[in-house]
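Chain naming follows the written order as A, B, C and D, and within any one chain the residues start at number 1.
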Amino acid sequence: MLSFLSDYTEGAHPEVLKKLNELNMVSLPGYGEDECCREAKNKIRRFCGRDDLQVQFLTGGTQTNLLAISTMLKRYEAVVAADTGHINVHEAGAIEFSGHKVLTLPSKDGRVSGEDLEEYMERFYGDDTHEHMCFPGMVYISHPTELGTLYSKAQLTKLAEVCRKYEMPLYMDGARLGYGLVSSESDLTIEDIVELCDLFYIGGTKVGTLCGEALIFTKNNMPRGFSTMTKQQGAMLAKGRLVGMQFDALFTDDLYLKISRHAIKCAMELKQAFVEKGYTLYIDSPTNQQFVILSPEQLERLSKIAAFSVWEKIDSQHIAVRFVTSWATREEDLKELISRL
Amino acid sequence: MLSFLSDYTEGAHPEVLKKLNELNMVSLPGYGEDECCREAKNKIRRFCGRDDLQVQFLTGGTQTNLLAISTMLKRYEAVVAADTGHINVHEAGAIEFSGHKVLTLPSKDGRVSGEDLEEYMERFYGDDTHEHMCFPGMVYISHPTELGTLYSKAQLTKLAEVCRKYEMPLYMDGARLGYGLVSSESDLTIEDIVELCDLFYIGGTKVGTLCGEALIFTKNNMPRGFSTMTKQQGAMLAKGRLVGMQFDALFTDDLYLKISRHAIKCAMELKQAFVEKGYTLYIDSPTNQQFVILSPEQLERLSKIAAFSVWEKIDSQHIAVRFVTSWATREEDLKELISRL
Amino acid sequence: MLSFLSDYTEGAHPEVLKKLNELNMVSLPGYGEDECCREAKNKIRRFCGRDDLQVQFLTGGTQTNLLAISTMLKRYEAVVAADTGHINVHEAGAIEFSGHKVLTLPSKDGRVSGEDLEEYMERFYGDDTHEHMCFPGMVYISHPTELGTLYSKAQLTKLAEVCRKYEMPLYMDGARLGYGLVSSESDLTIEDIVELCDLFYIGGTKVGTLCGEALIFTKNNMPRGFSTMTKQQGAMLAKGRLVGMQFDALFTDDLYLKISRHAIKCAMELKQAFVEKGYTLYIDSPTNQQFVILSPEQLERLSKIAAFSVWEKIDSQHIAVRFVTSWATREEDLKELISRL
Amino acid sequence: MLSFLSDYTEGAHPEVLKKLNELNMVSLPGYGEDECCREAKNKIRRFCGRDDLQVQFLTGGTQTNLLAISTMLKRYEAVVAADTGHINVHEAGAIEFSGHKVLTLPSKDGRVSGEDLEEYMERFYGDDTHEHMCFPGMVYISHPTELGTLYSKAQLTKLAEVCRKYEMPLYMDGARLGYGLVSSESDLTIEDIVELCDLFYIGGTKVGTLCGEALIFTKNNMPRGFSTMTKQQGAMLAKGRLVGMQFDALFTDDLYLKISRHAIKCAMELKQAFVEKGYTLYIDSPTNQQFVILSPEQLERLSKIAAFSVWEKIDSQHIAVRFVTSWATREEDLKELISRL
């Protein structure tokens, strides 16, 4: 079976695993207070071009979103997101479980537009009864989005302006950030993200680690007591080294970008093949998730040779599906799939 | 520096790490739905002597306690624990953050006695105003306790009887369970624990894994929606394989007990050395945590050669300290430490 | 100023206040355990035609919705509501603060249709990833709705069928229930509501009391510990008598229906006057809230003589406004308003 | 039956009820935005000798404690209280349900001593592992305490100093504040309380109203969004006038102190009678709750003529009981009781 189901179906990139092997028997203090975590954080700061960033390692994406959002919001505030946003759909109500509403803006391509946000905010504060409503207190975006799309620098700049006008932190879910950064269709650099977002995370789980995400506060705005709240949430590993070592490897010799480039190269080849063979794209994604519309016959045939996922049943003759490439995609699998399209 | 600070200062047992290396590039489904997790669960069931146990893998101890307790309790119920219990002291209020009070019973040795519990329950239901109070709805114990002590079979049986009388689940925190099972001073088997406890966890983090705990429900009593609640809590790893593979290794060829025995052997040698050299034990622990009372001079001298922790300042001339052995304790370190006592 | 702003701008119906005066110095036990509360509950049971109903008095609508929903839902479940529903818009995120998502169905007239609900449920369980989503676990409706509309018996029956098929309790917010029951356009009786809903509340605050709502469980399904959870939520009055006495008066000699009829008579006269004078209705409401579209000039002129509220700015020339009648509406005010339209 | 069960067994003081009657049909805006609430707040400010106090009306004591504590604490903080404190014992875990631990200091007389608090704080910050613990973030006291005792000015000053040193707000539960202010054994004035406490509440429910408490912030420190959070908690009355009018009456012509004095006069006569007739006091209370030790025979005999409550079974021959006087205590009842002692 050819593997295009998701970007978390294999273990860790070999360089990442090597690090864990090398340092396995070294005795280190717990809870992320070790030299490896410190070193990894410094490498991330260098990657981001800012030596004053506050970095906290966590284990997974939902956990990171949960902690980032619930510790930044005041109790009467809600987070604004696209209705397609991961936090609104596929995190089992984690944000609401933490006590906060997710206010949604309709989105066709996974993005929140600055214009829509501005209109929403004006309407909110224009409503006489808004003291009886959840206050929009933060904006959540993902980059790449759940639909593989990307923000341009202009789009993110506009969003950030609206956020600042209303004093709302802008938070970027970077579960697949690497795949966005190396896309040829993006003009958004990591330095832009650091400047425009108040907090964001660099995803490890989907870009080469066994687990782990790096949550980054860009404005010296990590909430007081964040480490205690991490523990309180059940999100602090006794062996913090597990994540620290993996990120150390990921940010050594540009590994993070190198392996992201591999995934994007594979994804673009796959997209081109789909287009050339007459398939209709469901959305034109510039990143490692490719969405295409299949007929029931095509779905049945391709399901026999490759693992991928059904995204949405459009109607009885059209099914949107998703193929995902990653750092682990094998060239031979890609060739085989293309030849069988 | 000789390492006796804790049982989570090294990485994973080499056999555990080997498993992660071997299966690294195998493509597997996410969220614990893979073959490795299934196999590991079966091995745990065999270890426990019961093929109908419900097992859920989680990443850390606080997370496991939080999920176990908050999903078993009804909203108006509280968990009863020793005042020394980990959930009452060192988990940053995770249980309360989930909405539940920790009701405490005074304890000198880390254990909850069945007699104390019974008296407490009688007093509670004898109070006319108890409808305005938190209902005791579950009992939390640790084995070994935070002070290294163990429950005898008779003690656990009595506790379980009181719990059943009042229809409260009995939950055992087994962060260091292996070290308790192999202690020569314990008559409590894993089969007893399965029979007497309603749920418990087998700790990995402190007994040979990089991360991971196995939460076990013994009475077909895993709450409905448990997997969804795990996601909701930010506690579900996309790469569930990470924990599954480690537990598979841990429960192959009796590795879990073998490496626990090593820790206990080291701990007993250390205790004997302390006694022989005239040190006073703070508590007589039969497991891998050894507590001894030092003078300020002894503390200063030993601090220069070994890492260990200060437990409690008793008075100006007496300081209780803790030395911990583990699967990773090196024989030569132990010898060196003993020779320097 | 003529008072048409809302149905909670005056105190209590004189008969209700009289009861408080009469029994003021009688010494009674606290927390709703008194004879007055018992008697009021019995009168409510007789009104509903069922002597086995479980009744709990609470102080306000948001509080009642919060307790009803948060105690009925399991932790991983969400409540389904119309996007216009009070709990989704004007309760400051109370439901989410209790940990639960509000899943919304688009609605034009304030109602949830059984057909829409059924389609939603089929889509939910048809989604392979639904274990990572909030489970719809309860349905919230209001009757009359926030837009003054009513469910027919057929509509409520269909909704109840879908709820039962999916084992979801059906909950009716009856903040203005009286006004719905006496509307000539409704074929839904209190007996129907008792049969079709799993729980509902009879609102006092908007129908003649100073405060107080009666939450009713129809299937012997009041959650265990409900009284303790009421206390825990800060929702239990020490002087439970305050609500008990008021409901006793409200359900003596049919007062509840009598005063509701007065409000509806006034509302229908007002609606007819609007229509006759050429105003456009925003929605054709059969209950005590009347929605009409004004021009900016009309708005300015009417604002000088009457208190009412702006509902929605449709465009620069059309503003939807709301006039509300109640048990307290004075005939002379109504006449004056009509003459000035 | 003579009524000494509690101070919430009757309705409202006649002057309070009169106000509700007089203004019943006046049309007023909802949610506490009316003239009556404003006027009542001003009267409270005058009573307190400070015109800049922030005042919020709420309905009951548990609700007030819940909102005050949960909105002032940061998420990783806990409230410190005497182990006898109402929030720790009789509020059904409301504080924990809001996510916060109650850290307790042992107390024999219901008070928290500044010295004990200081020692506790020093120990907390002296503990190397305190980042894994709940941070003490606020101090809760009651005045009078649950045992009827009072803080002296010196005691409250010391407490306030420790609180300021550690930047913790000091919060006073004044459910029975009036009874404390008029006690001849207290040197603590309302002005002292305003100066020394960061927030406190003036209780209405136990001192003459049907319901209602006035929560007061003394340092311009009401949390942002407090009104929205009140709604979110289900604690905002649509008819805020209900509480506003009652407090208006209570703080007109010194009514609050007058009716408190009546209760204290009765309580002191009762205490003296107990002492003269040879009863042993359980605690020497200077306020409206009187605690005395009875034999089983005395208990049986007195239970036939008066309602009072059993506080604690000391042993088979000694039972501590509580007699409570209030604004509503009738002179003839008191005489009758004394004559039957």
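Everything that follows uses one rule, which is that a contact is a pair of C-beta atoms (placed from the backbone, for glycine too) under 8 Å apart; a residue touches a chain by one contact, two chains touch by 3 or more.
Note that the structure is a prediction, hence the values are computed from the model and not measured.
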Pair joined by more contacting C-beta pairs (C-D or A-D): C-D
For chain A paired with chain D, centre-to-centre distance based on mean C-alpha positions, whole Å: 50
Between chain C and chain D, centroid-to-centroid distance (C-alpha), Å: 34
Multi-chain contact residues (two or more partners), chain D: 75-76, 91-93, 97, 131-133, 228-229, 231-232
Topology of the chain contact graph, where touching chains are joined (line, ring, star, complete, other): complete
Residue ranges of chain D touching chain B (in the complex, touch as defined): 75-76, 78, 89-93, 96-102, 128-129, 131-134, 309-310
Chain C contact footprint on chain B (complex, rising order): 31, 70-71, 74-77, 131-133, 135, 224-225, 227-229, 231-232
Residue ranges of chain A touching chain B (in the complex, touch as defined): 1, 3, 5-6, 8-12, 14, 17, 20-21, 23-30, 59-67, 91-94, 97, 205-206, 210-211, 228-229, 231-239, 241-242, 307, 328
